[in-house]
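Mind having a look at this structure? Questions to follow.
To keep things simple, chains are lettered A, B and C as they appear, and every chain counts its residues starting from 1.
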Amino acid sequence: MNDSATEATSSAGGTPNRAVSTVLHRLASQREYAVLALLIGTLGVVGAFNPSFLSGGNLRDMLVQDAPIVIAACGLTFVVLLGEIDISIGSSMGLLATALGLLCSPSHSALPVWIAVALTLLLGTSIGFLNGLMVTFGRMPSIIVTLGMLTVLSGVNLLLMNGKWITDLPQGLRYLGVGTLLHVPICLWAAAAAVICAVLLARETPLGRRIYAAGSNPDAARMAGLSVWKLKLFAFTLTGFLTAVATIVSVPRLSVIESGVGQGFELLVVTCVVVGGASISGGRGSVIGSALAALLLGLVRPMLIFLRLGVSATYWERAIEGAFILLAVLADHLARRTRKEPHR
Amino acid sequence: MLTITVRSLKYACLLLSIAAPIVGCTRPPTGSASGSNSGGSVQISSGAGRRVKICLLPKKKGLAYFSSCNDGAEQAAKELGDVDLIYDGPSDGAPEKAASLIETWTLKGVDAIAVSPNDPGVLAPAMKAARAKGVNVLTWDADGQPDSRAFFVNQATSQQIGAALVDTMAKDLGGAQPSGKVAIVTATLTAANQNEWIAAMKEELKKYPQIELVTIKPCNEDQSVAFQVTQDLMKTYPDLRGVFGISSVSFPGAAEAVKQAGKTGQVLVTGLSTPNNMKPYVMDGTVKSVVLWNTQDLGYLTIYAAEAIATGKLKAGATTFTAGRLGAKKVQGDNILLGDILIFTKDNIGKYDF
Amino acid sequence: MTTPIIDAEAVTVTKSRSGWAHRLTLPTRQECVLLGLLIGTLLLAGRLSPDFLTSRSQLELSTHVWELALLAIPMTLIILTAGIDLSVGSTMALCAVVFGIAVHAGLPPLVAALLSLLVGGGAGALNGIFVAKLRVHPLIVTLATLAAYRGIAEGISLGRPFSGFSDSFTFLGQGSILGFPVPGIVFLIVLAVAAVMIGGTPLGLSLSAIGFNETAARYSGLAVARIKLLLYTSSGLAAGMAALLFVARRNTAKADIGTGMELDVITAVVLGGTSIFGGRGRLFGTVLGVLLIHEVREFVSWQWNRDELNLVVVGTLLILSVLADSLLSPKKR
């Protein structure tokens, strides 16, 4: 809502003075800009200490590392916009990775890669659909459904894998992880496609506007004739699908599929979405914000290495990560407070 | 209000009536104490004497390394004939959960528990309590606190592992005075075993003054983090010569990063892993040597030792011990020695399948 | 934003369960479901493995659950106000490490324990300030401190373990009084205090009121911010206590303890019938939820020796019990 509303004023605003104030207003009010500023600031500071941090190769590597998070966050943003949440993403990714590996590794099912990929996408979409069904038809809180699924899926994954890692991934599958198209890694194409589609979906389609509407006031939306349950089912299914996409383009980058794939991934993605400005109670948030937050949080680990802070700094890595999250949230909060806008 | 009470009571009755037949159906056949137990049931067979219940506790269930140890353990249990083997452990590797498992097993009255302690400190109280209650506790794969176990099935001590890793790297770097910058990619910052190895490695590195350890980074037991960390290390230290991947997850991640950066041969990767996981990297030269021991033999020896301790065949003070196909093994104090650390290279890795 | 519907819900629920006394005494639907499941589990356990049900086994096994149970009390109250605290596991680690460092610096265990409780309370209060005063969503705040507190624990301990505590201290975790484990007694005292606070003072109603409709609660004169600050602080304190129990039981203080604890605690609380949207929930339900999770877990690992199975069973249990509650409830819309 917020997004399109401010956009409308800025395009309608007549005088240049007003346009300038709108820009400033947006800079101060939107979490995306706080995150972007922090992102650029960090890049600049670390780059000043160690220029190789800003080299093309490193920027590409960092983007590649962030790609799966960005892809999954595109789906989760819609779920959060509708006031729901999905924390089953991590286990889901683990299970999908195992499924993908078992389906196409020569010592297991040995299916052609494209069939394995299609089946994995189908499985991911079904998991998302199942989450959606339980939330809509089961009338259960999504956090409980997906908390349950988080546990169940990781158990299923471990049982399925049975302690034997998958090490013989076929070259065709590895290509999805390590290959490039026009000198750009495939996962970046996938991430770019996911972001563009999600942004278009959110801003340009009736479906996107309905999701914003239903998220900011479900009852008004319901009274206006929107089937909120359909939107939720769609958002969860989309998240499931995108989790599968994230798995397919990120897991084959490595040569071994082990039992711990995806562990903790859900927290990363949720963190990115909320740091990116989405409101947990729904109605506010943007795909771009989530993606920028993913890039920002992705800086922390490489940053500590490039700053050559030595071994003891390593121990503070997680603390710094936490501080970054608080910083992004606080900056936004303070900006909001100066304008006395209600939070959440 | 009243309706709610009545309704809730109705639900309770309904649920109970559902639960009752389930319970009825799963009543085990009379005679044996438990039915569908995967290998660890109380069975007193008439002629063959008492069966020995042995629990094998890995640091983390689901790791390929421990599964391959379990393969050997199962083989030993089959050969011995009188052993009921339970293989279980925390799937997230949390030491407190391993301690809880030891307590549960003690309560069940098993004969022996073979522990690979993920954290000797956290596990010690539970292991000591188990011993106090008459359970034979031994350690395998990694040692615990000396008073918390009777024997240690010793494939290698932390000192030996640390030294082997550093010596292998030095040999691979080559030359009379091996030199260069190296880094360690460890599991987590709090991983007790890895921290012991790192301490031993630092000690061993003193022998090679030209080798400089630039940093130690955790990968949080996540392969893709190990991958990223190694990438960043190579960029930050362009003259980096070697990376130690000292967990079974960080090793392949680090090797893959070196390979994709096109620095095969320039940056050497070594670490601990089962040969099957690292074969491709050894064959293409990214990894010159993999350090480990025969995991199946380790599991096999552990079960033989546990059975011998539980049945009184192996007592404190023994100097040798015969373990099935492995033959006589040396016992040094309370350490049962498996044998030397293996170094897998291009020449011999094809011979091993685990 | 969504106030109209929350109002309506609040009214219907308070109508259908108007008496405060009744809320204390009668089991709710979810609690009946849980009781049924618990009795079913125990019956099944009794059939398959009679040894499991002996009082000796149960008392021994109970030592695995007290920290979880302790943390579940403040978590219930927080969720009752529509909040959440994801940082409890990390706070535990921080308190444990502070205790370990303090003892190794030569402080007497009692002083070190007080210091560690102080740090726990402080960590909780910081969450509380963000949530109550700055009004940032608790999920976001505690997601950040989930990383930050464990990070600080790792930073100040440099990953090292601290062990070798005196027997008088480890008694807190390993000892028993009249056959009952000491941590259990600590839990029961905390539970009693919480129950009296909730049942015997207006605080209980205030919590539900905040959970149902915070704005309305604020306008009707409740000190919402102060209550929330109190809740998060007590959550931090409970994490401090849980840390001390843990350290005493395992004789080791380390920065990795309590990893993933927050999800276990939340699972137990929501399984116990506390609505994640706030306003509805009781300590009695939480106790049942903790008990059910504990018994199921212990029995599955007792009987089948498969840790992975435990994950599947507990997750399924959570989904099914909440699904049963939702399906059995009259249609809302």
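By definition in this document, contacts are C-beta pairs under 8 Å (C-beta built on N, C-alpha and C of every residue); 3 or more make two chains touch, one makes a residue touch a chain.
This one's a predicted model, so the numbers in the text were calculated from it and none came from an experiment.
J.: Considering A-B alongside A-C, which chain pair is linked by more C-beta pairs in contact?
T.: Here the pair linked by more C-beta pairs in contact is A-C.
J.: Going by C-alpha centroids, which chain is farthest from chain C? Tell me that one.
T.: Taking each chain's C-alpha mean as its centre, the farthest from chain C is B.
J.: Report, in whole Å, the distance between the mean C-alpha point of chain B and the mean C-alpha point of chain C.
T.: The computed centroid separation for chain B versus chain C comes out at 32 Å.
J.: When the C-alpha atoms of chain A and chain C are each averaged to a single point, how far apart are the two points in Å?
T.: Measuring from centre to centre gives 29 Å for this pair.
J.: If you average the Cα atoms of chain A and of chain B to get two centres, how far apart are those centres in Å?
T.: Taking the mean C-alpha position of each chain, the two centres sit 34 Å apart.
J.: Of all the residues in chain A, which ones touch at least 2 other chains?
T.: Expected reply: 154-155, 158, 315, 317.
J.: Indicate the residues of chain B shared as contacts by at least two other chains.
T.: Answer for chain B, listing residues that touch two or more other chains: 61-62, 91, 189.
J.: Where in chain C do residues touch two or more other chains at once?
T.: As it turns out, chain C has residues touching two or more other chains at 154, 158-159, 306-308, 311.
J.: Hey, which residues of chain B end up touching chain C in the complex?
T.: Contacts found on chain B: 1, 4-5, 7-9, 11-12, 14-16, 18-20, 22-23, 26-28, 33-40, 61-62, 86-92, 94, 96-97, 99-101, 103-104, 107-108, 119, 121-122, 124-126, 188-190, 192, 195.
J.: Using the touch rule from the top, collect the residues of chain C that touch chain B in their complex.
T.: Chain C reaches chain B through residues 16-19, 22, 26-29, 31-33, 35-37, 39-40, 43-44, 47-49, 51, 56-57, 60-61, 63-64, 154, 158-161, 163, 170, 174, 246, 249-252, 254-257, 259-260, 298, 301-308, 311, 328.
J.: For chain A, which residues count as touching chain C in their complex?
T.: Interface residues on the chain A side: 134, 138-141, 143-145, 147-156, 158-159, 216-219, 267, 270-271, 274-275, 279-281, 283, 312, 315-323, 325-326, 329-330, 333, 343-344.
J.: Going by the contact rule set out above, which residues of chain B touch chain A in the complex?
T.: 61-64, 66-67, 70, 91, 189, 215-218, 220-225, 227-229, 231-233, 235-236, 238, 248-249, 252-253, 255-256, 260, 276-277, 279-281
J.: Going by the contact rule at the top, pick out the chain C residues touching chain A in the complex.
T.: 1-2, 4-5, 130, 134-137, 139-141, 143-152, 154-155, 157-159, 263, 266-267, 270, 275-277, 306-316, 318-319, 322-323, 326-327, 332
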